[in-house]
Amino acid sequence: MHATLKPEASTSSADPVLRVDNLKAYYQMNYFGVSREVRAVDDITLTIRRNEIYGIAGESSSGKSSLIKTIAGAIRPPLRVVSGSVRFDFDGRTLDVYNDPEAMKAARWRHLSYVMQGSMNVLNPVRRVKHAFHDFAFRHMGLSPSAFRARVEAHLERIGLDPQVLESYPHQLSGGMRQRLAIGLATVCEPEFIIADEPTTALDVLVQQDVLALIKDVQMRLGSSIIFVTHDMTVHAAIADRIGIIYAGRLVEEGPSQAMFEQPQHPYTAHLIASLPRIGDTTRRVSLPGKPPNLADPPSGCRFHPRCPLAIAKCETESPPLVPRGEGRVACWRAGEVAAA
Amino acid sequence: MSALLQLDHVGRSYPVGGFFARRQLQAVKDLSFTLNADRPEIFTIVGESGSGKTTTARMILGNEVPTSGVIRFLGQDVAAIRSRKDRLAFMAKVQPIFQNPFEAFNPLTTLDFYLYSTARRFLGLRTRAEIEAAADKALQHVGLSLVEVRGRYSHELSGGQLQRIAVARALIPSPKLIVADEPVSMVDASLRMSIVNLFRTLRDDLGVTIIYITHDLSTAYYISDRVIIMHKGDVIEAGDARAVLGNPSEDYSRALRNAVLPPDPVAARRIIEARLERRRAALTEAGT
Amino acid sequence: MDGFAKYLARRFLQFILVIFLGVSLAFLITHLSPVDPVEQSVSLMTNFGATDPRSVALLREALSELYGLQGSFFEQYLAFWGRVLHGDFGPSLSSFPTPVMSLIMGALPWTVGLLTLSVLISWCLGNLLGALAGYFRSNLLLKLSGAAVMALHPVPAYIVGLLLLLTFGFVWPVLPISGGAQMNLQPGFSLAFVGSVIVHGLLPALTLVLVGIGSWFISMRSLVSNIVTDDHVVYAELGGVSSGTIFSQYVARNALLPQLTGLALSLGNVFGGAVITEFLFNYPGVGRLLIQGIYSGDYSLVLGVTTMSIVAVAVAVFVIDLLYPLIDPRVRLG
Amino acid sequence: MFSILRDLLRFNVEFLIGFLLTGTIFLFAAAHFFAPYPDTAIYLLPPDMPPSAEFWLGTTSRGQDVFWQISGAIWNTMTFGLTVMILSRIVALAVGMVSGYLGGKADEVLMTINDTLIALPNIPILLLVYFVMRDQMTWPLLALTAALLGWNYDARLIRSVTLSLRNREFTRHAVFAGMSVPQVLIRQHLPYVMPVVFFTAMNNLIWAIGLEVTLSVLGFSDVNRPTVGGMIYWANQHQAAVSGIWWWLVFPIVAVVLLFLGLFLLAISINEYIDPRSRLSRMGG
């Protein structure tokens, strides 16, 4: 019943599976009279197409994890959606995450699944791994328990895991194994959309390479779309079809990964790529001056202007809109003038 | 050619297991290298988690005692340094830099207190003006100033800035050796280079030898003079950084090197696709 | 299995140590006190006349032999252990000649019944209420019931018992406020007797439940409010798992682990509450026996009951410790 | 210090109620120093008088004014509770910090003894001590015994905090920054140890007061010294409940229950306030 091997990233299917429109989500806190508002996601609009791995890159306190939590509808106070919408398109039916909680809950794991960063302890420590598969996926499959078990075992075998692992407890497995299992769990219902939040960050480089190959293998087989979040640009280079760069709660550049690495449009993107050391090349790498913005009171105008080598007066007052440029989009008044890496 | 630091067949093992399954876990096995006193360098220890690199750092700093072999700093056995006076003398010459800046600074203590305490203890300064001057001088070395740090708490600054303050604090007693255990792994990529470049200026301008411990081969290649690659307590390969990391001779170090993803989509994708083919081949062969 | 065996060995060693230290403590307290128990008992006896010096000397001789006060300190200690292991504390002076041990054995089932019942109820109810209040934080009913339970928490058993006794004894006399069962009923498993035992046990059990439930509520609620933010719970919510399953299998089950250890640690205190409640409601358990022993100055009875309660609590703690690996695979499978 | 008090009063309702309750009862107890009659004097006043303008809370069958009796009783009960609390904190802190910081063998030995003492039933042992000491038993000795039985649960909590602090990176960093051991303990670690010490202290105080009430109600303490338990003991001796002198029983019970509630509310609210996590979030961390 498995989709035959899909062709390499078919960019032709333009119909989006996820539309995020002018999304704003803020942390609003009040402790003993001290109230603070952190604008973690500040008016972001993006679309993700079918059968595509969309990389989201951003540094600490850029708001990227708040963005995907908001997209996944997994937000708890003090994080709150202030305005904008998140809409998925599953089987031709549009699902608005924040206006249709029932449909959203039904879609979880059937159409939309999640791989978390701390995958080391996402499995319930006091129960065998098989219970996780049962709790997450059984209700979607419409199979008898034994048929369901056979389906899960076949799925695990296909991704190179020994089905016997279902009988063990999480503490008996290595970190790498638990991460592969989390990926197995997230793909067992063959969902159309998978959100992966820094899935390889905590892994050693050898294990990381294998897990990335596993993710790519499963994505090609299922033709599902993946949001892949990490601060590590080299991982984006290896796996992402398109990349979105987040800075201070805003999308500053978006485009196909190869074009972006060869000809970055936004000075921040250019710097991110230029600052990566390469084996075999010892030319001096330089850091950005200043410090990452404080989302509680972000800089005026373009939020990158205090650290931007190309900043002009206009950058301090007006925030540049995200406009199409080449195959992607960029938000910078001097987009064309960025020196190649 | 007097030795600044000499590790002579150093080993460290821990008792593991219950009553019946008593066995020794060998964290570090037979490690030897020497750092030259009059030739400051950046000596890098590369290894994945569980390779023994952090245990080695703790032994050099005197926080753990080797179960075999001996570590000598300027000829003196580090493990034998017991009295408070000797410990202080040792710490004046050997300073650490920790992995997570947000853990290294107590969130409830102001950052300047660390600088003042180091100046007061190791430089014997008494008046407030002298202490603040020493702190400010050290901060200048790392491109900061006391004004930006006085009265601030760790959550008000970024990881990169905190790590620079940590380096400044370590410089106050003008140490001979700095042991940096994964100093940049928690720092954003855009700020990482400022810390790594800093190590180079410390070596060249202040003549400080730096032991740089990391799992990231790219920064190791970029900054190190010499390197040793460790795996499960063993030294797999050692030598000049460019030679060893450029084209490693041992299998493990070659696998490690090939797993490093270059920041170039074409090359990086080729590595992942090659791995994917190997995965599928292994499955079909296991499947038949 | 290595982890499990190690856990068992450690717990059994702890159990033996508790018995050893507890019994030695009881021995030390009685033998290091400046007051000589024999003189105390003799003065008690002689103030009803019978001051003939010879019989007093004979009495003193008999008593010191009875109380095991002959020989050196260490010999007394060994003799004491001999008696504890044989379960022989000599006859009780206040209800002569019945041996202390048979009095204890007669009273122990009452205490064990009352305690097991009330501890189970307060543990389960307190944990359930606390878990619900921790998980559904905004639910008003849970907040109110939580506040009520917490208000009772600091109040000691005697005060709660006294309030219940006053209300059910005078204001709304529906329940018996004294004794273990109807006086005239033949003890046995007849319906009437068992019914009467249950009715008489209601107030003491209610007291112990009201006193005990608060601590379980508070600890469970704070445990659950921490676990709710754990990765595996957030992940289950992301997985669309039903909140009923999340609450029971992901949150409560993990929160129960420390609560079971907490149960073992709390038995020492809970037993104290039972002693007071039994005396207040004249409930024929070991606690009432102890207090009556103190009032009547019956030295061997008091020593016997204290020692046996130390042993009983140690056994209960050990049993609960054995349950722990059953619900925590990390301990069971090393 | 006052800014903290102002914050707590304004934003934390539990603290407000707890502060008011404990405050009034404390003042009420302190008033006993100005009592018109000596605490221990009996048969001074007409017995069994119901509450009236002259005797606000009525008089007892032993001719004592209930109002001043309760005032003196609360004071003595609280002094007993505070003594037990302070003594047990000393032992708990010592054991908790030594085994937390030294670790290794010392930690193992101390914690084994600790777990053994936890498993012992406190009240039977206390009763045994009373029975053996009989009239030599004075309240300071009882306080010492209670303190020696009341520290072990808290020692384990303190140990877990100190153990985690010893292994935190900022501790090693402080040592390399030349800070002496006392400097590290007081300046770096105290803010983290304080909450657990404070919270366990309040719980111990409540436990000790409950213990005193329980023992003296049974007559197992110096019953001539007015305590809350002592009052209830004498009320029972004179069959107050049966003979309708309800005020002799009800007012002391109400007073001590209010004291318990006040202390408990204070404990919860202050613990939440000084917890490093909430303090950090107030600093915007």
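Points to keep in mind about this one:
The letters A, B, C and D name the chains in turn, as written, and every chain counts its residues from 1.
Basically, a residue touches a chain if its C-beta (ideal position, glycine included) is under 8 Å from a C-beta of that chain, and two chains touch if they have at least 3 such contacts.
Because the structure is predicted, anything quoted here is derived from the model rather than measured.
Between chain A and chain C, the least number of touching-chain steps is 1. In this view the innermost chain, defined by its CA centroid being closest to the centroid of all protein CA atoms, is D.
With centres defined as mean CA coordinates, chain D is found 22 Å away from chain C. The distance from the centre of chain B to the centre of chain C, with each centre set as the mean of the Cα atoms, comes to 55 Å. The geometric centre of chain A is 31 Å away from that of chain B, both derived from CA atoms. Mean C-alpha positions place chain A and chain D at a centre distance of 53 Å. Not a single residue position of chain C touches two or more of the other chains.
Annotation for chain D: residues 284 touch two or more other chains.
Multi-chain contact residues of chain A (touching two or more other chains): none found. If you check the complex, the residues on chain A that touch chain C are 72, 74, 105-110, 113-114, 116, 118, 121-127, 131, 135-136, 169, 171-172. The touching residues of chain C, counted against chain A in their complex, run 230-232, 234-241, 245, 249-250, 253-254, 257, 327-330, 333. Of all the residues in chain D, the ones that touch chain B in their complex are 168-170, 172-179, 183, 187-188, 191, 276, 279-280, 283-285.
By the touch rule above, chain D contacts chain C in their complex via residues 112-113, 115-125, 127-134, 136, 153, 206, 210-211, 213-214, 217-218, 220, 232, 241, 249, 253, 256-257, 260-261, 263-264.
Partner chain D is touched in their complex by these residues of chain C: 14, 17-18, 21-22, 25-26, 29-30, 33-35, 37, 40, 150-151, 153-159, 162-163, 166, 169-170, 264-265, 267-269, 271-273, 275-276, 279, 290-291, 293-294, 299, 302-303, 305-306, 309-310, 313-314, 317.
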